[in-house]
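Two complexes, one shared chain (chain A), two partners (chain B, chain C).
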Partner chain A sequence: MSLMNIELILLTVLPVLIAVFMCFSTNFNRHSRNFIAVMGVGIELALVISLFVLNFEAVKNSNFFLQYTLGYTDTPFVINLAMDNLSLFFSLIVTSAIFLIVIFSTQYITAKENIYFALFFLVLASIQGSILTADLFTLYLFIEAITIFTTPLISFEKTEETTRAAMQYLFYGITGGVFFFISMILIYFNLGTLKMAAVAESFALISTPMQLTIIIFFLLALIIKLGIFPIHFWLPRAHSACPAPISALLSGVLLKVYLYIFMRLFWTMIAFDFLVELHLSDFVLNLALVSSLIGHVFALQADDLKKMLAYSSIGHIGMILAVLLLNTEAAFYGGLLHITAHLMMKSGLFLSSGYLLQTTLSHNINDLRGIGHTNRLVFAAFIIICLGTIGMPPLIGFVSKWYVLLAFLKARHFFGAFVAAAGSIIALIYYLRYISHAYETVKEDGKSIKEELLSLKGFFSSTNKMKSVIYIFTILIIIFGLGFKILEMPINTAIFELLNPEKYIELVLGG
Partner chain B sequence: MLTNLIFIILFMLGFYALIMKTNLIKNVIGLNLMEAAIFFWVISFSDIGGEVSIHKFGETMGKFNDPVPQALTLTGIVIGASTAALLLTLIIELNKFSGTIDRDQIEELND
Partner chain C sequence: MNKLVKKTLITAVLAAAAFALYYNFSLLPGYQDLEKGISDYIITYGLHDTGSLNLITAVLYDYRAFDSLGESTVIFGAVSGIVLILSRKMLPVSSKGLSFIVKRTLGIMTPFIALFGFYVITHGHLSPGGGFQGGVILAAISIIFSIVYGSAFDYRRYSPQTKTVLETGGALTFLVIGLAGIVMEGAFLKNLGFLTAERGTLISAGSIPYINIGVGFKVGAGLAIIFYSMIQKTFEEDF
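After this line comes the complex of A and B, so read on.
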């Protein structure tokens, strides 16, 4: 057991410790509390990056694997944390996004910060746990923990709207959790184990009707959590009611974590062939595509900026799920690239919408009037990120959408290609509607872009943090758009894990 | 067989209360009924008529009941209790704002 294996447990334990500390930090002044929050998530990010850098050769050759076992190793029921290339990739992108979101919220949240940060770090711990865990029961616990800890964050500003949204979110989340529990318990009664790797080895031994039941309940649970079409209406409400950093966390980060769990369950644990054999993959693929189309169309009629962004999230998540279900190498490449792109773009959009409309309580389209003249540079960043989401050439959104489209065309799935292209066009319309509203009045009371650029000298001074985070997201979108080849190596190693689940199974059971 | 029947009746009753009833507290009861049905089924299914699975020194264990489903159920009960508490808190908050705990009336007030 080397130091690196202990880092795995640190990744989940450290946020919990900080959360406990935050809970009792009522007497701290704002500055030191913010410092501890940023330091905590910074250490977290440093841990993940150090795992990536120190094992660079192993990651490159796709034989990177770490695991940590809690308790006695000789019993069959132990809590097992394991990290392979796929989990490393997700851990990396998720932690980086959360780092920026925490910096943003240090300035955005002005009341009850101790409760806010306590809950936020508990969510972070659950996210890391659900990415790293290697057995089903711990996964269930972490998924439930994510749902329970995000609910008070959604109703953080106590109004009727947010309370309603939080309650609906919790009802659906728990129902999804119940379905997950049923599947889990069926697996236990059939195979006598809850280790994902051990389940993967012997899943073929279960009778076909039971396999169908297990897979259907897992699919139901994840469809509810991902907000795919028949059960999507809780998502726009929950994602638009909460404070801006939490919207970014839910829409940008959490949906990706559920996508990771989807991959872990249906590629590593239950081999994808079973889904194809039971004729479920085609059904879910088409469902996801319909969901994508519906999300984009509903975004057209939303008169609320954050609701529009949430509906657009439904559109993108449906498309990513559909492209992953094609089960080809090109599809995985497009899907994982779009996961990264959507993570950056949606977080950036929600954060900038939170900054632009921080003085108004509602996010109605009429509140945007004239905002393009008062906050020129931030709004320019907002427009760039919007263009990225639509898929304009030099930005990452274009690259990822291009590969998604290519994957659909290679698989001869023309409905998918149509949805991916139509989504972009519809997105162009609804983003333009908001952008044109922002420039409607011709008032020249704001600073010019040149003046705003000059005032950026204190890039990380305490009054500029929110703006800086938005600019960082914008710059990242441009940089990764130009040099998306940087992402090629980690994505390809993650695809290797999806195509060869035997390696993960063997290593988890062996160690 | 009887346990399966009871499980299905309880689960469907809970599901009915969750979907069809408009009173939010009844919805919470329905959700808890669903969970209770599953826990009941898990416990009865894992009971094979053996001993309690506590290892005693110096004695050889005969047939014993599997302790893992019981552990899972205990954890599930804890999660169920905490979510029920959270849901009821939110319903109380909602009642303060809108003066009702009826799902449809709350929707109507806001649209």
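After this line comes the complex of A and C, so read on.
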């Protein structure tokens, strides 16, 4: 495989270029600006898919590896971008979800679109950068960039509540970044390098107390960013205050990116054995499970639709983190499958809730009465995605939860199995509460499902775009639920990378 | 629980945290153990590789130029975000500026401040300074104007649109030089060979001076935009 794969740098730089262009576009009309936005993210998606299709054989045989070197190749502090199966898998699912979210937001956002899209594309660039980079400092830079770019998007509708949520998000995001920075500096002091592969090779040379300090600060940083139990309270506020596409971006996509960074740090850079040796993996595992349970229980008492969805995100992310920390092949399979499932389901739920809440007075449960009668088809899609989240059989949520449950049982971790099952039951209660409210009063003027289906003729006409995106997410959830074997090959090759970090280290250092 | 117990508890917790931090950071190796390979490398080969006399600029805009691109993009995004959150219609009109003496003195000094700003930007590869530092000096002129001449003065001369154009122009310069690196040298942000000249002259060190100019305009215009967004008021606030 060649040394310089230009696609990797284009993936990060192209969104920045579009973002700069969007800032210029104050005088553009709405149509052409939307066209540029969809085109930009479409090119991005086409690039990632072409990487997958053109290297299909290599991906299948798990020797897929792309690399791009920035700067002078023979210097010790060169910046590398690298893509292996794990990064390819995440890049693929994340870019596809963002593509659909951008299509949704072209119709949803009606004011200040130029700055909205500029910031959105900057977030996309930082997401791609943090997935692709093989350098610790560049990773830190992109993590901070994500926090800074999403903060103004959270307070997009300037009210007191959104401003407060954004301030809190910024404060905790920056605090997490500072912890990350401390670890990074300690690594640099001790090893004199920030290349992840070089750190991985010589991490064992650091004294044990120092290793403990570094790992604890990394864990703290990622626990804050992921919203795990003791420091989770900023997450529901931030994820419910912003416009619907941004909620989908934060809850559906960004949390998965942080999970990816977690895997990259603790499996590739710092071998997982160090966590086990220092007795940290069990502690974090139990913390994540408690966080999962607390998230589901708090969702029960949330009277705000989007807050309920955000609390449910805490529940799911805690479960995924716990199952990944089991460190078995079955656990990785369940975890990665549930990452994909949760990405689709939570994005779909936030987008459909955003569509439904356009016509209501507030997000409160009491204002949702009769909403199931006025938007029958969208609400039917909402119910299907809810059932997926609970884990109903033909949908992808069932498959992924089943594998997570199996992984916990195989590892004889019964608390984990209990949390995975109990989460589903609690979720059933809180979703049913909202669904029953939505059908409470009968309204005469709503269209019947048949009429709505007939009006769908222009599936991609501009007025129907928001609905179409929601239906696409619903259909994807059903299709992948029936044919989850499609995901088996990419997930298994990604697991291969997690279990064999030597390949990544060798190839990055060799090139 | 009375106040004294609360205060004692807080003090105890803080002291324990401080002790834990001290204990942890006392494990840090001393200076003599620092890995010197990288700094030695830069001191030996930096001038040869990049043609820049200022080695910090060489690291910022050549060896690790991608990180600098990220940092300046963060500034770009922060400016967009602040404009999004704080864009208001009203400028405070109360300020008529300071006395005649101050206005006159600043009028004489301004060209020299601007000249110094441009000097710091363009000589980034020869002497201490560079795009970030020079840009801040340029932004300071705009800020001093609003204090000395009243807030509307700078607004009339350079509208926010002009500043946005300058800022995005700076960002585009950086990106275009990076993409030109792909076309001409085969790597993103690689130093452009055809621009190199004799070391120590103003036009040398490849693309570094041009990146400096781009970053300088971006930082200067960006900070000025941030300042003017922050001093704007809503109708409800009193003047």
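Following the convention adopted for this analysis, the second predicted complex is superposed on the first by the 505 of 511 C-alpha atoms of A that agree within 3 Å, B and C clash if a C-alpha of one lies under 4 Å from a C-alpha of the other, contacts with A are read in each partner's own complex, and residues count from 1 in each chain.
Everything below uses one rule, namely that a residue touches a chain if its C-beta (ideal position, glycine included) is under 8 Å from a C-beta of that chain, and two chains touch if they have at least 3 such contacts.
This is a predicted model, so every value here is computed, not measured.
Look at A:F189: by the touch rule set out above, it reaches both chain B and chain C. In the overlay built on the shared chain, the residue A:E144 is in contact with chain B and with chain C. In the overlay built on the shared chain, the residue A:A422 is in contact with neither chain B nor chain C.
Ranking chain B and chain C by residues of chain A touched puts C first. Of the two partner chains placed around the shared chain by superposition, neither chain B nor chain C is touched by A:L409. Once chain A of one complex is fitted onto chain A of the other, the partner contacts of A:M392 are absent, as it touches neither chain B nor chain C. When the shared chain is aligned, chain B and chain C each come close enough to touch A:K158. In the superposition on chain A, A:G129 contacts chain C only, with no contact to chain B. When both complexes are overlaid on chain A, the residue A:L278 reaches neither chain B nor chain C. In the superposition on chain A, contact is made by A:V178 with chain B only, not with chain C. For the contact definition in use here, the residues of chain A common to its chain B contact set and its chain C contact set are 77, 137, 141, 144, 148, 151-152, 155, 158, 163, 189. Chain A meets chain C in the complex at residues 4, 6, 9, 13, 16-17, 19-20, 23-24, 26, 68-72, 75-79, 112, 115-116, 118-119, 122, 125, 129, 137-138, 141-142, 144-145, 148-149, 151-153, 155-156, 158, 163, 186, 189-193, 207, 209-210, 213. Across the complex, chain B meets chain A through its residues 18, 24, 27, 31, 34-35, 38, 42, 45-46, 68-69, 72, 75-76, 79, 82-83, 86-87, 90-91, 93-94, 97-98, 106, 110. For chain A in complex with chain B, the touching residues are 77, 137, 141, 144, 147-148, 151-152, 155, 158-161, 163-164, 166-167, 170-171, 174-175, 177-178, 181-182, 184-185, 188-189, 194.
Residue ranges of chain C in contact with chain A, taken from their complex: 24, 27-29, 34-35, 37-38, 41, 45, 49, 62-67, 69-71, 73-74, 76-78, 80-85, 161, 164-165, 167-168, 171-172, 175, 178-179, 182, 186-190.
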